[in-house]
Amino acid sequence: MAKIVTFGEIMLRLSTINCERFSQAKSFDLCFGGGEANVAVSLAHYGHDAYFISKLPDNDIGKAALKSLKSEDVRCNYVVKGGNRIGIYYLEVGSSLRGSKVIYDRSRSAISESNFEEYNFEEALNGAEVFHFTGITPALSENCALLIKKACIVAKKLGVTVSCDLNYRKKLWTKEKARQVMIPLVEYVDICIGNEEDFEACLGYKPDSDIIKGKTDAAGYKNIFKTLYKDFNFKYVASTLRESYSSSHNGWKGLLFDGQTFYESKHYDIEPIVDRVGSGDSFAAGLIHGLLTQNDKQKALEFAIAASALKHTIPGDFNQVSEEEVWNLVNGDSSGRVSR
Amino acid sequence: MAKIVTFGEIMLRLSTINCERFSQAKSFDLCFGGGEANVAVSLAHYGHDAYFISKLPDNDIGKAALKSLKSEDVRCNYVVKGGNRIGIYYLEVGSSLRGSKVIYDRSRSAISESNFEEYNFEEALNGAEVFHFTGITPALSENCALLIKKACIVAKKLGVTVSCDLNYRKKLWTKEKARQVMIPLVEYVDICIGNEEDFEACLGYKPDSDIIKGKTDAAGYKNIFKTLYKDFNFKYVASTLRESYSSSHNGWKGLLFDGQTFYESKHYDIEPIVDRVGSGDSFAAGLIHGLLTQNDKQKALEFAIAASALKHTIPGDFNQVSEEEVWNLVNGDSSGRVSR
Amino acid sequence: MAKIVTFGEIMLRLSTINCERFSQAKSFDLCFGGGEANVAVSLAHYGHDAYFISKLPDNDIGKAALKSLKSEDVRCNYVVKGGNRIGIYYLEVGSSLRGSKVIYDRSRSAISESNFEEYNFEEALNGAEVFHFTGITPALSENCALLIKKACIVAKKLGVTVSCDLNYRKKLWTKEKARQVMIPLVEYVDICIGNEEDFEACLGYKPDSDIIKGKTDAAGYKNIFKTLYKDFNFKYVASTLRESYSSSHNGWKGLLFDGQTFYESKHYDIEPIVDRVGSGDSFAAGLIHGLLTQNDKQKALEFAIAASALKHTIPGDFNQVSEEEVWNLVNGDSSGRVSR
Amino acid sequence: MAKIVTFGEIMLRLSTINCERFSQAKSFDLCFGGGEANVAVSLAHYGHDAYFISKLPDNDIGKAALKSLKSEDVRCNYVVKGGNRIGIYYLEVGSSLRGSKVIYDRSRSAISESNFEEYNFEEALNGAEVFHFTGITPALSENCALLIKKACIVAKKLGVTVSCDLNYRKKLWTKEKARQVMIPLVEYVDICIGNEEDFEACLGYKPDSDIIKGKTDAAGYKNIFKTLYKDFNFKYVASTLRESYSSSHNGWKGLLFDGQTFYESKHYDIEPIVDRVGSGDSFAAGLIHGLLTQNDKQKALEFAIAASALKHTIPGDFNQVSEEEVWNLVNGDSSGRVSR
Amino acid sequence: MAKIVTFGEIMLRLSTINCERFSQAKSFDLCFGGGEANVAVSLAHYGHDAYFISKLPDNDIGKAALKSLKSEDVRCNYVVKGGNRIGIYYLEVGSSLRGSKVIYDRSRSAISESNFEEYNFEEALNGAEVFHFTGITPALSENCALLIKKACIVAKKLGVTVSCDLNYRKKLWTKEKARQVMIPLVEYVDICIGNEEDFEACLGYKPDSDIIKGKTDAAGYKNIFKTLYKDFNFKYVASTLRESYSSSHNGWKGLLFDGQTFYESKHYDIEPIVDRVGSGDSFAAGLIHGLLTQNDKQKALEFAIAASALKHTIPGDFNQVSEEEVWNLVNGDSSGRVSR
Amino acid sequence: MAKIVTFGEIMLRLSTINCERFSQAKSFDLCFGGGEANVAVSLAHYGHDAYFISKLPDNDIGKAALKSLKSEDVRCNYVVKGGNRIGIYYLEVGSSLRGSKVIYDRSRSAISESNFEEYNFEEALNGAEVFHFTGITPALSENCALLIKKACIVAKKLGVTVSCDLNYRKKLWTKEKARQVMIPLVEYVDICIGNEEDFEACLGYKPDSDIIKGKTDAAGYKNIFKTLYKDFNFKYVASTLRESYSSSHNGWKGLLFDGQTFYESKHYDIEPIVDRVGSGDSFAAGLIHGLLTQNDKQKALEFAIAASALKHTIPGDFNQVSEEEVWNLVNGDSSGRVSR
């Protein structure tokens, strides 16, 4: 299988239990997660040599984050130890009409105050097939934005495919700032993944859809995919389409454009949703795996969307599924029968 | 904001967890709740000076009940200490085809054996804008029925608006007894809230609807609302309409009549239901808040029904929502997207 | 009420919690269950003298299994103590698109290595009205297949009605093996219960339906029911029809043929499903109870399907419902209203 | 083994977890327990036909109490259904310098309002070797005091040995009241069990010891044992001696007098204490079992004190130990080595 | 009772459960605590008008901190909303030979970046009898050190007694820095509380004792108490003496000097320790209460040390005891008998 | 650091919680452990390249066992997948006078049915400094006994030091069988570890001590250590001495003999014990680490005994401590002070 490298922040996640609100909580479930870490975990599960690079404080919480990655077979050799703190996100899990709520406490985290020179990207990216990052990382700090740029330059120099999930986070930066940073960055990108909000916020391209109303229209993406493909010279543009009926019930579908054909995946109806955090990351990982292993682009996309549909049924940021389980869903077994 | 006073019983609630039946339980979640206490909590969350009056035993369980109220900013100065015991209700949480089940163990509770003279209603109601009680309190005992009557007289004397949620409880009294007590009592009431069952059981007015079959028809309420308005000289008559598809899935809507216009709220589809106990109370509180702060009666009603729709997603009797969150739902964001 | 005897394996069940996957679990909920034990529990709840016969190791885990049965009023006098181990099944509870997963660790269990001579079937079956077993037991070992045959012979000799739920388990044996064992065995059977998969796998009769696609067609069963009735001289043939929309949402219906009339039950829509393990057993028990107590076969079937619909809402293998609760559902109250 | 009958109240016990105080609790562990029920459970574990008689409300909480008894092999045929409520006791588990705290909410329980005529003591006591009750039951109500007297008369008539654990509860009655009721009652008693407080409070006989200071002196009991033996014509007088160093650490010893010899058991040092509620009951049960099965009175006493020492290590009211485990401790293995 | 004001940081505390290490945790218990907040809670429990002043972020975690204070009757009117984050401390609970471990993540907290001008000390301290702070607050930032100084000046101007618990935290600053800041600050202090480490680290006065070896000698304090009293013109100097036998077992004693007499409290042996965090704060609060209400200084000290001894048995930072419970322990009941 | 290889069985451990007995459990905590796996984990924590070799079934439970090892940095390249089942042990955690109880369900596990030829010992042991196994493995099956012998031959051929912890398990084999197998096996051993019971049961050498009575006498070991050293040509003989005061309180000490000097470690008093399973393994691992890194044998022994003393305070089989934490204890900080 392939060597794949991701770089970004992994945070301590503190989530409420039993549908409690923050104001009711007497305990938090804890796990670790972050866009690029989540992608690395999925790829390790599919059998790849998945490396995650980051910086973590040299204390027991930082070590616990590393332990959680190692337990999933992610290679952490290039993780740097130091800095003051691990970023935190508090997650209040919603239900039905009440959406989930995230409170970030991630400023001044170890990675956000780190520099390119602390990492060994030359060695880490050597022999890699894909380098993946998300739009969250450059939003963390000026340092990080610069660091990502330099890492992309190394990747391109070494002939590594660059994948980016735009992942706009409005609690981290404004659209103006995002565009100012991301537009130059995506020049290095080969595989560009986003959703309707991301394309608009980060790059300024708006599909014809309406996320608040929960309606999505695959056709509305064709034009911007073509334009994006042309304007940024991407190899692939991909998107997930989420129909948000409620916090517990979503429709889910994926789109992929390779410059020639516009692929649209099967549609999944997901109810109830156990945990939707990390579903975008599981799509990105599934797409990378699909494109690396399938000639048929439709199959690659189906793998990606099925993998991420399953993620919605699993607690935590990490997608705990095997390649075989994803193919079983692609091949049509969504009946939920007990296997015995 | 306004000073609002509620009077009634707060009980220890012992509920099963993880969908267990009573016969399976090895532990109970505990919280405290009761119609009027729940209303006070909501109103405190919306910024009002909310007072709850009751009588509680002077032991650690009674103190824990008070602590739970204080933590929600409810003022408890007028709560009387004494009596033998706190009322209890056991709640078996249902799911799907299996309804939730309540076992009351509330007879001989401190409040049920208390008298009007033990309380200081004159002082408590002085300067208040609203006095709220429910039809549960007069059902507790003869003492309580008399006490409520005397409290209403004080409220009227002091120019306080009186609000009553009829809340018929068939495990506490018969329809005959309920009507005998409630019909004279509602003479003091300005805002009368009920559902189809309550109007019939407590006052003898039956709308055209069928609660067992889960169908509700707003039109069926017009006639009785008009009649009630006229017969009892209410300022407002309001009702919730619940469509009980299952224990986990309800439709939810509100109605309001101000003597001139018949207002009908948006309809909410709630699935899954986390905890529907206290949803009627959150409607009453939302309506009181809406009528106190909105000139537009439609808006007042929309606030009330959205607040109570959200209650269904929150464990415990108390509605843990802010005014802002309710308005967000009124304004259309029910997509349950993660806010981050 | 009647004396009813069931024989089979009761296992330790270790199930994941909070929708975790096996790879995430740090604790397991434990309970005990098995097809025939589950039937005995239901029948004890309906007031019968329900005996469960099995062999269990003489250690604290075996004793805990017995304790769980006694707590449900099942009589365990004829359970034999000895052997090396209790069988185990690990259950990963699925959700939405992800099905539940069972891992068996039951080989070499005490019962699977036991012989007919160790048990006292003559005494146990004396005076019984029904002897019930499932197709799981003969699949455990050659010993067990022979033992069941001998037990059936005793039952027939004593005039006891024999009931069998075919319950094909593909992780225990192949279709070829199943047919080789089951076809001769069902010669002793009066009440034969199965689903579309069971009839085909165990007996070689295939209805026109498609379990993977989640569609079921009652009409498709008429022919095979008639043929089965004739070929095996059954008194009753019955089946459940499951529409597997997802792991959390099923349609549910029952069929019964008495040689003359083809009965089809009401259809239930069950969402969310709390625990569907044991739902087939609760149908079998409901049918036995229905046939023993109702002249009207339609009512017997309605009881059986309503009982098993309720089972889906209850955690664990055992169906924790009373006869009264089942009749309430048969009579139409599926609204899930809170009873208070 | 012997038929043994106990009569008394079984309560719902709601206990705090993780050393929380009542003011901190968000959930309670629940179990059921009461002096006479606890004795019946121990005796059933030792292989006796142990009957528990009581009255319980015909609701799901009452049924759960019965289920907990049946799961321990206690026979409940003579339990009467009816009445308004089950008694409750709240238990705050202490630690170190902080003692455990009990809040009773047991007034108006089903048994306390029941009469002798509701029970079938004639049949229940027929063939029994021992009838056991505690001083708690007559403290519940006038009804209960009378009922116990009548039951004792039946027992004596049928030649059944009567055993009584004095169990003074200062939250239920005063010493004056206790003596007034208990002194006539113990006229029927053959085996009288108490501790230093009980003898004084219930019968007016004070040994030379000091429970607050945690010192106990076996010698101080000799005189009152002799006097009690003589005054009430007991067959046996027995006592436990608790040295309360702290809530987590006790010394424990037993005394027995048979009119001739004064037996003193080994001394056990118990630290930490998991749950000391029910330890007195496990002594009573152990003594009954010992006297029924051992000619050597010293052995009988050693069994009783070892059984109750083990009880301190087990959560809940019921003593979950086998006869073999008790003898192992009697025979000296208190090292706590892992058995593997 | 008195008006008492405390100022400082309240943090989110995330603690491991069941003796797990950080590397094993899958969930954290959460509560809120901090030196001055803990003192305010104790004083509110003893009936005082206890005000806590701080700055907290205007998000759900900050609100939850406030809620926890209000639930304990602490007045929070003067708490300022704003800033970026709440400080956090992770607590790994030790046992036996393994000490508890604290990881601070409190830099850049709202209070640490706040200024004197944001608070209304003039109004808050008006009419107060005591103003209490700890040496932790000036260690948070230069801002906080200055702020405390200005607050002390206001207190002195208004005639408010100033109490300070030195509370040296080596993870926050060095001894050199601590002395540089604290020595000028204690000029304003009337009641100075510390332990052997604090006096040395913050003020440079070393008693003759050895904290690592777990030995403490009250006599060794006499000299430095006299010197401190003279050098800083304190009204009272007080100290706790902890004998750390292990993480689960401590000896505990208090000392007080009023310029004339050297008071030494009873000695408590605490085993097991449930949670020793906050025990120093419960001593400070007990001492303030004792000095305010008792003429007898020995009694004041006994109250303080008994209150803090009890704290060791209660989970969380807050001391959940009533004045009555403390006096019971002072008066000698440490036997841990069940009260029933 | 060194390459170290261990071979043996890793089991699923199912343990009761909150001091429950097996008969009370409704859930089990789960983890994985086994003598040699535990040693590998400790060594990985100290920075070594620790390899664990075993055979595990290719199902989700087997994968979870591997995941738990990887999360601790143990290398699992040489683990073979296959076989029928993972071994299980049930652990009832004792307290005070009640010892912990282990029920094995490990027969027919994957490793017990495996052969030498399935593993690649040549490659795994190449370059290793130590090969470690325990006396449990040869007790599993004839296969395993032979396999261990062959592995030892490979180790000796490659110049790898062989370490063996005798670990007699009376539930797996008799003393006769153990001696017959172990005496020839220890011919290959360089470092021989045992306790008083092991030396006697496995090798037939009895020190002068008495484990039931909980007394241990280091002097009593001198003779047998010398004899063992001479008879088997060991490089080191080592032993732990456990003083079992109760299930919650042990004394703990270690002994080492290198042919010249008899080393005796410090004595630790451990109370309360959180989990003593795996303490012997943590001693073995500590000793291997000590001997590999310290010239001073006394230091090596002190490291080993301190590491294992800490293990008693940590739940699960694995010793979650760092090298630094162990040295801190060796250097005298056992006060359990909070580090903050």
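Residue numbering begins at 1 within each chain, and the chains themselves are lettered A, B, C, D, E and F in the order written.
Criterion: a contact is a pair of C-beta atoms (placed from the backbone, for glycine too) under 8 Å apart; a residue touches a chain by one contact, two chains touch by 3 or more.
What you see is a predicted model; the values in this text were computed from it and never measured.
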What chains, if any, are shared contacts of subunit C and subunit F? A, D
What is the minimum number of touch steps required to go from subunit B to subunit F? 2
Considering subunit A as a copy of subunit B, what rotation angle in degrees (nearest 5) results from a C-alpha superposition of the former onto the latter? 120
List the centre-to-centre spacing of subunit E and subunit F in whole Å, with centres computed as mean CA coordinates. 44
In subunit D, residues with contacts to at least two other chains: 17, 21, 23, 26, 67, 101, 272
Listing every touching pair of chains gives A-B, A-C, A-E, A-F, B-C, B-D, B-E, C-D, C-F, D-E, D-F, E-F
Touching residues of subunit E toward subunit B in the complex: what are they? 67-68, 70-73
Which residues, counting only subunit C, touch subunit F once they are in their complex? 14, 17, 21-23, 25-31, 59-61, 63-64, 67, 84-85, 88, 90, 92, 101, 103, 105, 107-108
Enumerate the contact residues on subunit B facing subunit A in the complex. 17, 268-274, 309-310, 312-316, 320, 329, 332-340
Tell me, which parts of subunit D touch subunit E in their complex? 18-21, 23-24, 89, 94-102, 104, 169-171, 211-214, 244-249, 272, 276-277
